[in-house]
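Across the two complexes that follow, chain A remains constant while its partner is chain B and subsequently chain C.
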Partner chain A sequence: MKEKSNNLLLDLYPSTKFLITLFIIITVFIVKGYLYGYLMVPLCLLLALYAKVFKELLGLLIKTLLVLITFIFLIQSFFYPGDTILWSWSFLSLRQEGIDFSLLLTSRIGAIGSALLLFFRITSVKDIVYSLEQLGLPSKVTYVVLSTLTIIPEMKKLSMTIMDAQKTRGVETEGNLRVRAKAFLPTLTPLILTSVASTEERAITLEARAFTAPVKKTSLYRIEKTKKDTVVRILLLLLLIVIIVWRVAL
Partner chain B sequence: MSFIQLKNVSYKYPIGKGDVLKGINVKIEKGGFYALIGANGSGKTTFCNVLRGFVPHFYKGDLRGDVLIDGKDIREWEMGELAQKIGFVFQNPFTQISGVKETVFEEIAFGLENLGVDVDIIIQKVEEVIGLLGIDYLRDKNPQELSGGQKQRVALASIIVMEPEILVIDEPTSQLDPRGTEEIFKIIELMKLKGKTIILAEHKIELIAEKAEQILVFQDGEVVMQGTTEEILTDPQVLEYGAALPQYALLGLEMKKRNWEVGQIPLTEQQAITTVKGLSHPKGEQVCHS
Partner chain C sequence: MKKGLKFDFTLIAILLIPIGVAINVVISQLVQVLRIPLYLDAIGTMLVAMIAGPWVGLVTGGLTNVIKSIFSPTELPFAIVSMVIGLTVGYFSIKKMFTSVGKTIIAGVILTFIVIIVSTPISVILFGGSTGDSSSAVRAIFLASGQGIWKSVFSSNLLIESIDKILSLLITYTIVKKMSDRYLSKHNYGQNFLDS
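Showing the complex of A and B:
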């Protein structure tokens, strides 16, 4: 059973969290203008602040989205076809149409990007996998997703062991780029081979633990939908209807 | 009708050159404690794989002869069904972790979850097994970050919790110190008292002499000797097949060779002490140890 964190946002069921993200994604396409889209970025940050993941989300946004948005903005402003030239220098010319278009495009990218990043910050993979399994995704698929997460640190540990082993056999693994490149093959090959070989035993382990037993599995880990989920879902639906009506009426 | 019966079983791995098992005839009775001994590469592990159905369901290869589990041929059993019937613990503890669980408690529960047992019962059974194996101090640890010996205990716990009728255990103590080994043997003995059939491949011969009822000696893919522990482990022939004898039996055999009157060859520490205490030296002096 999942422990309650007493944080409204964190305690929501994974699919409810996803609905929030989906709501933002849909509405940025319905609402006209770029202001709404840009407003979604601070809104996501606000939600992140509430869920105590503000720093992580901000870091991610700056590292990924900001770079992407700046780049798209520059390219589109200068190269989008149009007649209203605002400023030009040799072959480059800044056009009003380009600016309008890039504002709209980047606002949407910003909103969608931050909504998705927020979702993955406030939902653990374990929760996502659990809710997918409840929706009927085969347990083999969810096993692959979950085990990948543990395999990465395992492989890192293994590669360290292999590097040490190869060092004792006289393979140079430290030094300039050429030395390192040379060490690449003798460390990578055993890493891949060992990983493949241990897969066989992992498969036997799963068999021994009745993974393929022809019964419906149960789960110690449980997340339950609460009243809060229903309230949030209804609120989102109402908001969506309001926005659609408002958009059609105008 | 025996519980498990192998009739003239031979097996060759898909990419192997020759037969790994050759014409094996073995009967295993319900509730017995069978130990498999023999040199490395003599076929013990493959034999275990046959019993659990990994041969031929998982490793393809060429299996000849009949393997009957509870009267039904191994080829007709479903792998999922066998999981409930036969528990299997194998040598390498590092790969015997599911890899999707964050705590030892959840790791042990994994098999029961797969069997669709109710959550309340799972929790109760896992608690019981954790108590039984004395691994309470591990319950909240990440199974990936345990030592080899700890992983071995968790692996055994994860299988025992599923309460199979038959336990096939392949060298469960390879990573354990003498105390840990003794603890594992105690647990195996407990399982036997609960009426489980136990098939154990193991090199620690002194412990086998103390606990096992029947011994199968393997050499080059053949079962070269089989019988009760008393018969087999006092027979110097075993040494010629590359397996070991308990040091107490070796002592007894050596004394017998020198025409000392030892009577029954001792198997365990207790028996050896009794033998030595009751021993009269050929010259008539009493050799006595306290």
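Showing the complex of A and C:
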């Protein structure tokens, strides 16, 4: 059984958490204008504050979305086709249409991006694949996803070890581009060949534990749906209906 | 050995998927450490597709972007591109396109065009043609020279992707060639790389 953290948001069932994200993604396209999309970013941050992942989410938002949004503004406001010129300098001209377009586009990217980031911060991958398995996904998928997450840090370590080993053999990893590019293959080849070879051993190990046996597997790990999930789901559905009705009526 | 969607997912092929995804992720970091101005982030997908077939390659590509999107959600729409790379490379492998360096380069050229055709609409429609990395600067140059957004994204992609994809395929080809015959023979599509 999964331990309760006594935090309403963290204790929700994975698919309920995903419905919150899905709700934000759908409504961003229903509601007109860019203000709603931009409001979703602080809303996600507020939810993150409640779930105690605020710092992590803010850091990732700045790292992944801020640069992209700046680039979109720069490119669209100068190069989007339009006639309303606000300011111009030689061949560059700032256009109203471009600014409007980038406001709409970035508000959507911001809202969807922060909703997805929030979902992955409050839901562990283990929980996500567990709930997918409950929906009927084969347990092999669970194994693939979870083992990927453990293999990545292992392989990172291995790549650093190999790079150090090659350095002691005289392969240079610093200098101009040609020197650095030359270091790429001597690091990569052993890394890939070692990891690929390890799959054979792993296959034997898993086979010895009846991984491919055609029987129903049981799980030690369990998450249960509670009444809170039902309440949140109904609330989201009602909100969605209200938004759709309000949008159609206007 | 039976082949096709139903038979390609053998146990050893399934175990190769996490390795392929990890190779993709680790290489994109290695490229940053060595400051090489390319992505080279589909080598794992290509490797899996070459020896385990198009469908396993497709899953590897898709899973790579899903895992990456845990930390940068803008990668998620490009999962389609990664899946297409896996599918195409696997198909080329069936058609014995990876038997010599020359053929591999031709495969790289075709792959580049397929990748651009799939990725250009995604980056123009969803992100207005910006990606937030170095290729945005190249795009801005094309845009400033008076070309439309579609043409600019297409041209800048052609410039970067062609070098990237051909080089990636060549690296993958060299590495697969170095694998032992004993290991390759365990995979459904490994026999094309035997007795070299």
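One rule holds for everything that comes next: the second predicted complex is superposed on the first by the 217 of 250 C-alpha atoms of A that agree within 3 Å, B and C clash if a C-alpha of one lies under 4 Å from a C-alpha of the other, contacts with A are read in each partner's own complex, and residues count from 1 in each chain.
In the analysis below, a contact is a pair of C-beta atoms (placed from the backbone, for glycine too) under 8 Å apart; a residue touches a chain by one contact, two chains touch by 3 or more.
As the structure is a computational prediction, the values presented were derived from the model and not from experiment.
With the two structures aligned on chain A, chain B fits next to chain C without clashing. In the superposition on chain A, no contact is made by A:Asn176 with either chain B or chain C. Legend: residue contacts after superposition of the two complexes on their common chain; A:Ser147 is shown touching both chain B and chain C. More chain A residues lie in contact with C than with the other chain of the pair chain B and chain C.
In the superposition on chain A, A:Thr212 makes contact with both chain B and chain C. Judged by the touch definition given at the top, the superposed model places A:Ala203 against both chain B and chain C.
By the touch criterion defined above, A:Tyr221 reaches chain B but does not reach chain C.
Using the contact criterion defined above for the overlaid structures, shared-chain residue A:Phe71 touches chain C, although it does not reach chain B. Between chain B and chain C in the chain A overlay, the least Cα distance found is 6 Å. Judged by the document's definition of touching, chain A residues 143, 147, 151, 154, 198, 202-203, 206-207, 211-212 lie at the interface with chain B and also at the interface with chain C. By the touch criterion stated above, chain A contacts chain C in their complex at residues 60, 63-65, 67-68, 70-72, 74-76, 78-80, 91-92, 101-102, 105, 109, 112-113, 116-117, 120, 125, 140, 143-145, 147-149, 151-152, 154-156, 159, 163, 173, 177, 180-181, 183-185, 187-189, 191-193, 195-200, 202-203, 206-207, 211-212. Chain contact summary for the complex, chain C toward chain A: residues 9, 11-12, 14-19, 21-23, 25-27, 29-31, 33-37, 43, 47, 59, 63, 67, 69-74, 76, 126-132, 136, 139-140, 143-144, 146, 149, 171, 174-175, 178-179, 183, 186. Contacts from chain A toward chain B in the complex involve residues 126, 143, 146-147, 150-151, 153-154, 198, 201-222. Contact residues on chain B toward chain A in their complex (touch as defined above): 52, 54, 58, 78-81, 83-84, 87-90, 92, 94-100, 102, 106, 109-119, 122-123, 144, 158-159, 162.
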